[in-house]
Amino acid sequence: MQGQQQQAYDRGITIFSPDGRLYQVEYAREAVKRGSPSVGVRTAEGVVLAADKRRRSEMIEPDSVEKLHKADEHIGIASAGHVADARKLIDVARRESQVNRLRYGEPIAVETLTKTVTDFIQQYTQYGGARPFGVSLIVGGVTNGEPRLFECDPSGTPYEWRALSVGANRNDIREHLEAEYDDEMSLEDGVDLALSALTVADDEELTPEGVDLATIDAETAEYVQLPDDEIEEHLEKRDLLPSDDDEAGDDEAAGE
Amino acid sequence: MQGQQQQAYDRGITIFSPDGRLYQVEYAREAVKRGSPSVGVRTAEGVVLAADKRRRSEMIEPDSVEKLHKADEHIGIASAGHVADARKLIDVARRESQVNRLRYGEPIAVETLTKTVTDFIQQYTQYGGARPFGVSLIVGGVTNGEPRLFECDPSGTPYEWRALSVGANRNDIREHLEAEYDDEMSLEDGVDLALSALTVADDEELTPEGVDLATIDAETAEYVQLPDDEIEEHLEKRDLLPSDDDEAGDDEAAGE
Amino acid sequence: MQGQQQQAYDRGITIFSPDGRLYQVEYAREAVKRGSPSVGVRTAEGVVLAADKRRRSEMIEPDSVEKLHKADEHIGIASAGHVADARKLIDVARRESQVNRLRYGEPIAVETLTKTVTDFIQQYTQYGGARPFGVSLIVGGVTNGEPRLFECDPSGTPYEWRALSVGANRNDIREHLEAEYDDEMSLEDGVDLALSALTVADDEELTPEGVDLATIDAETAEYVQLPDDEIEEHLEKRDLLPSDDDEAGDDEAAGE
Amino acid sequence: MQGQQQQAYDRGITIFSPDGRLYQVEYAREAVKRGSPSVGVRTAEGVVLAADKRRRSEMIEPDSVEKLHKADEHIGIASAGHVADARKLIDVARRESQVNRLRYGEPIAVETLTKTVTDFIQQYTQYGGARPFGVSLIVGGVTNGEPRLFECDPSGTPYEWRALSVGANRNDIREHLEAEYDDEMSLEDGVDLALSALTVADDEELTPEGVDLATIDAETAEYVQLPDDEIEEHLEKRDLLPSDDDEAGDDEAAGE
Amino acid sequence: MQGQQQQAYDRGITIFSPDGRLYQVEYAREAVKRGSPSVGVRTAEGVVLAADKRRRSEMIEPDSVEKLHKADEHIGIASAGHVADARKLIDVARRESQVNRLRYGEPIAVETLTKTVTDFIQQYTQYGGARPFGVSLIVGGVTNGEPRLFECDPSGTPYEWRALSVGANRNDIREHLEAEYDDEMSLEDGVDLALSALTVADDEELTPEGVDLATIDAETAEYVQLPDDEIEEHLEKRDLLPSDDDEAGDDEAAGE
Amino acid sequence: MQGQQQQAYDRGITIFSPDGRLYQVEYAREAVKRGSPSVGVRTAEGVVLAADKRRRSEMIEPDSVEKLHKADEHIGIASAGHVADARKLIDVARRESQVNRLRYGEPIAVETLTKTVTDFIQQYTQYGGARPFGVSLIVGGVTNGEPRLFECDPSGTPYEWRALSVGANRNDIREHLEAEYDDEMSLEDGVDLALSALTVADDEELTPEGVDLATIDAETAEYVQLPDDEIEEHLEKRDLLPSDDDEAGDDEAAGE
Amino acid sequence: MQGQQQQAYDRGITIFSPDGRLYQVEYAREAVKRGSPSVGVRTAEGVVLAADKRRRSEMIEPDSVEKLHKADEHIGIASAGHVADARKLIDVARRESQVNRLRYGEPIAVETLTKTVTDFIQQYTQYGGARPFGVSLIVGGVTNGEPRLFECDPSGTPYEWRALSVGANRNDIREHLEAEYDDEMSLEDGVDLALSALTVADDEELTPEGVDLATIDAETAEYVQLPDDEIEEHLEKRDLLPSDDDEAGDDEAAGE
């Protein structure tokens, strides 16, 4: 049966299996799971996006590991999975945001942007000649003073979350989020939760360079990326800093 | 034979099997069965649409689980199956409704809208280069004061029903509807029937947040989504509220 | 060999088998056989079209089971097989009829309409990228006062018949028609023959709601659909009414 | 090897086998052999075309079994094989004949028409995306007072014959034609030969309704279809009329 | 391995095998070998083209077996293999010859015409969507008073020969040509050599009707087809006439 | 399973395997590993690019082995893998650099150029009809006085490195780079490091002709290729010159 | 595994194998090896191109075996492999040379022409719908008084050589060239070396008619093809003339 499954995936179109599943979409979900995790947390005061960007070699510039992207002044996107695919979707999101400003003279709503991206993704699951996107996105931002947090998965389905993670160890991290999440938490608490979530089910500890973290404050509606020293403060506060320097990653991981 | 069937579905076109069936369409029906159920009930006073939107995690915003859609002032659509596909068909329905208002200056007839959507779906079952839609829709509304209730299935066939369900547990729910349905029932009774149908063959009970429910009253011809407290009243009246809080769902269900 | 046949049908083009058959066309004929039967009878006084539209659930509105279609004032079409495909061919027939009226100022000849439709069907049996139509049509009407009755099958071949059936139990019904048909019969007799034919080889009896019946009188050249009470009269006269109410159908039949 | 051959035919293009044969073309020849036979005879006085159109049911109108076609005033075409394919080629022939009259003000030469049709057929044996035509044609007519008789086969090769048959029992009929043919025969004799040829290797006898027969007289250069009574006279003269009424055919033959 | 080879040829594109061969081209060469032979002989006085056109039935008009074609006043083409393919290449050659006369006011050079045709053939060996041509051509003619004789094979390679054959029994005929050829031979001797070559390795003898023969004299540069009585004289002279009448051919040969 | 994998790679599109990997992209990475190594080193004073271009025959002109390419005045690109593919990407990079100068009147940023190239590469991993690029590039240059060093891999992912290698023995060379790299090193030290890295895990020693080496000085921002004598000095200094002349390479390596 | 490899090559696109090789390109290299060898030698005084054109039959005109081609006044191209493919690339080269003269008023540089051709070849290794070219070219000529000698292989990679061979016995001939080559040799010596190389590893000796040889003198920059008597002198001088007349070749070689 292994052989049959292998045959099944090597055709160039996403179609239904006898039990009604879209194999190429599910395999794309596997590609997401191969990527290091990203986390999003929505608080009453704003949205937090955080990403594990531990590198497979210390010779890689940390800043070049693209996990957090500014889509517009008021919207950030975290990704997990196939990096080159993520870059393409980010492009779509940025262009759409600019078009909205030009056409309507106002920032695009977070939900509108999310659904534009998921509709784009859906095309790649129904027509032949291309494969689905091997990436999941967390879209976070502020619309009319209200923090919003969405997921775009490889099937092109939009979901709104209070807190979520995409990528490796998704289930463990979700349990952690569900246990620790509190509707009343401050943005600062949100940052702490996001950072602690990234350390879940990971046998190593985080360094400030191994993490990207951004917030969109509900009041300012501005995407702000935290500097390393502030991240370090948070990690210290939560006792998440590594005791020793064992920050190696997988060698030549396919996802990232 | 399992192997042969697996081979059969991984080609990019919907063609006939030796016994005259369209496998890709039947597999798309399986995708519908994987989705949580939606229900439609037509009464003399109007149409009721209801959908089970229990989430796979309590961290998901209930409102972002899209099962009920307003297609036009006087028409609602409930869906079951592949969410991203449903979104695309809803888009078609909304555009068609708007075109009708612009062109003829009047609301589109429910039957006309249904057949436009099913003709659109049929294309995806006959031509190569794309897969069928993995979703069934319930289209409910009012035309000239008369309540109408239709189904659009993955083959592109339109059916008119007095009461129906699509999605998981379809047969059990249909038996319930057939047993409980009464041509004389009021819209209120229709709401009760729709809610009770959603609990059939489901080992859990409903919470107001786990259900979307809308009515289109024959007199006003307006699509109205019920607020949670009114749903709660109905559930209470019918003793359908959960005794304990076991509302977990499948983890990472493919359909939704 | 079963395996090989299964492999054979899952390619996207209709080509010849070693013994000179077009498998996709023959499988489309199987799709027709899966549909409930329709019958056509030509008498000197006009044409009768009748269709079995027994439903798989009593909750389905009988009128929404589309088996009989008015193509133009003077032409009706009965179908058996894949409903969504039939809808598409009916569209072609209706458009062609309108074009003929606009272009030549007169109703289209029944034979002309039939051959336009069969030429359209033939395209789908020779070119790649699409499957054949899984439906057979009975085209009946009046041209210059003369009743005509044609069949369009999935290969795109037109045949003229005195009386025929398409769909399930075709052979048994044909034997009945051959035995009972009389060139001298009146239109009334034709209606009776059509109704009795539908009950052949069927273990259930007909109800007026389970049948659609239309006539095109040679004199008026007008397509007239019979109301349920007239159908009931005919059924009663021929003793075809059901003694008990066992009108259930197949669950979820693929054809219809 | 049977399995391999089955695999071979289910691809959408006509290519060479290791021994230099075009399988799809040869399978199309099998489709021709599945059709009831047609015969052509060229005499000094004109050309005779005859076709066996015995029906699979007596309820089919004999005139609707299309085996003989008038391509132009002076040219007739008999066919054997896939009826819907024949219709398409006849269309090509008729259009080409009309174009010739419009462009050059004179009837098209029989050889010119034949080669236009065979060139059209050849395209379907070399390019992908379509299957070959499953039909052979006999093109007979008069050019400048001279009777001409050609064959168009599924490979697109034109041959000129003195007398030939296409379709079922081709070899037996050819032997009969070779034995009975005489260069000096009159058109009347040609008619007799054509009719007797159709009865060869057939365990049933012919009825006038079961045969179509047309002549193109060298002098008048006009395609004339014989009425049933004249055919009956010929059959009687040659003692070919059936003694009893066993005219049933194959049930649901694929070819016709 | 036989099975694998069979799989190999049923794909719609001509690509390399592991040992660097183009299978579809080699299978097309097999199609050529299935055709009856054609011969070309170049003498100082002109070029001779001859073709075996023995028919599979004596009812076929010998003139309709197209093996020798006049491409232009001064160029003839003999073919072997798939007749319908040959017709298409002859069309290309004739059009190209006419274009040359129109554009440059002079007859096309034999070598130029040959290379135009081979370039056309090459396209069909490199791009997908069509199969190679199953035919080899012998192009003979006179350029500036000089006799030229070329071969176009299914790979699209042009070769110039002093004497050659294409089609069945190619090797035996070549040995005969190599043994008998003489650079000093007259055009008459060339005719004798061509005719004797056609009888090599053939268990039957030639009849004038079974042969087409044409010469292009270096002085007149005119393509002249020999009448049957002159061919008979040559056959008699060389004792090649048949003693008895056993001229039957293969039944239904694929090539011709 | 080996057989299944072999089947898997011979389809013309890059799709996901069940574990979420893109096989064609990973196989393209193998093509990179088959190429001789290239190295990039970023120092505070500028960037060093070096490439092993040992030839498979001493008859090959060393300068024609293209491993180092000048993309613009201030940017160089080193490659490993499929040479013809590298040439195509270099073309893209050069054109993009020129367009930037024309449009904005200033040199393109190294990061901008890198991401334009990786976006181009990504297309070839998602759409059918073409294979991915079998090459990795090291893009080095200076933007606003700052040295930058990027990698473009076959998936289309951009990474920034302090020092890296692509091609054969990548892991061994990386270990060497990680051990020897020093943020404070001078450009001269960078040259030494690059050269010593190329000798790692290689059983032969380098000759000046077997190496291409270029620097882009942060101050001048000019791509300068080192002459052989300067390379020799460096090799001598580091004792990397060969003691004997055993510089043979693989015969007919596929990558280069 | 043989079977799997056979399956692998019969798809219409050039993609990566698991070990990073492009099978279709490597099979095209096998097609080159099937062709008789060509040789190129660069001396200080000019370039020599030579080709073995021994024929498979003495009836073939030696001049029609195209192995050496004049691309422009100052550039010649020798080929080995699939002749029809070579003709197509030569066409590209000639057109490009003419365009260069028209556009810039000067002869095209040898390196420029080579890279235009290899870029053209590369396209056929990356996109679907066509196979790679089964031919290698040796491009020799003079640019600004300097002799240049390049190879274009089926992958589309350009190499510059001092002396090389392509086609059959490539390795043996290369060893001979490496052993005998001298940077100081005269053009005359180059001719001798080229001729002797062609006899290496060949059990037959050369005749002047079996060889094509051309030089491009660095001073005149003119492509000059040597007449047979001069070739004979060279062969005599080097004792390479055949003692007996055994010049037969392979029968029906695929490559040429």
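What to note about this one:
Order as written gives the chain letters A, B, C, D, E, F and G; numbering starts at 1 within each chain.
The rule is simple: a contact is a pair of C-beta atoms (placed from the backbone, for glycine too) under 8 Å apart; a residue touches a chain by one contact, two chains touch by 3 or more.
Not measured: the values here are computed from a predicted model.
The chains in contact with chain D as well as with chain F do not exist; no chain meets both.
Superposing chain E on chain G by their CA atoms means rotating through 50 degrees, a value rounded to the nearest 5. Interface note: chain C and chain D, two copies of one sequence, contact each other through mostly non-matching residue numbers (shared numbers fall below half of all numbers used). Distance between chain B and chain D, defined via averaged C-alpha coordinates, is recorded as 55 Å.
Chain F and chain G have Cα centroids separated by 31 Å. Contacts with at least two other chains are made by residues 5, 7, 11-12, 23, 29, 128-129 of chain G. In terms of which chains touch, the assembly is arranged as a closed ring, every chain touching its two neighbours and no others.
Listing every chain once round the ring, from chain B with chain C next, yields B, C, D, E, G, F, A. Within the complex, the chain D residues that touch chain E are 1, 4-5, 7-8, 11-23, 25-26, 29, 115, 118-119, 121-122, 125-129, 150, 155-164, 171, 174, 177-178, 181.
Interface residues of chain B facing chain A in the complex, by the touch rule stated above, are 2-3, 5-7, 9-12, 23-24, 27-34, 57-61, 63-66, 82-85, 87-88, 91, 124, 128-134, 251-252, 254-256.
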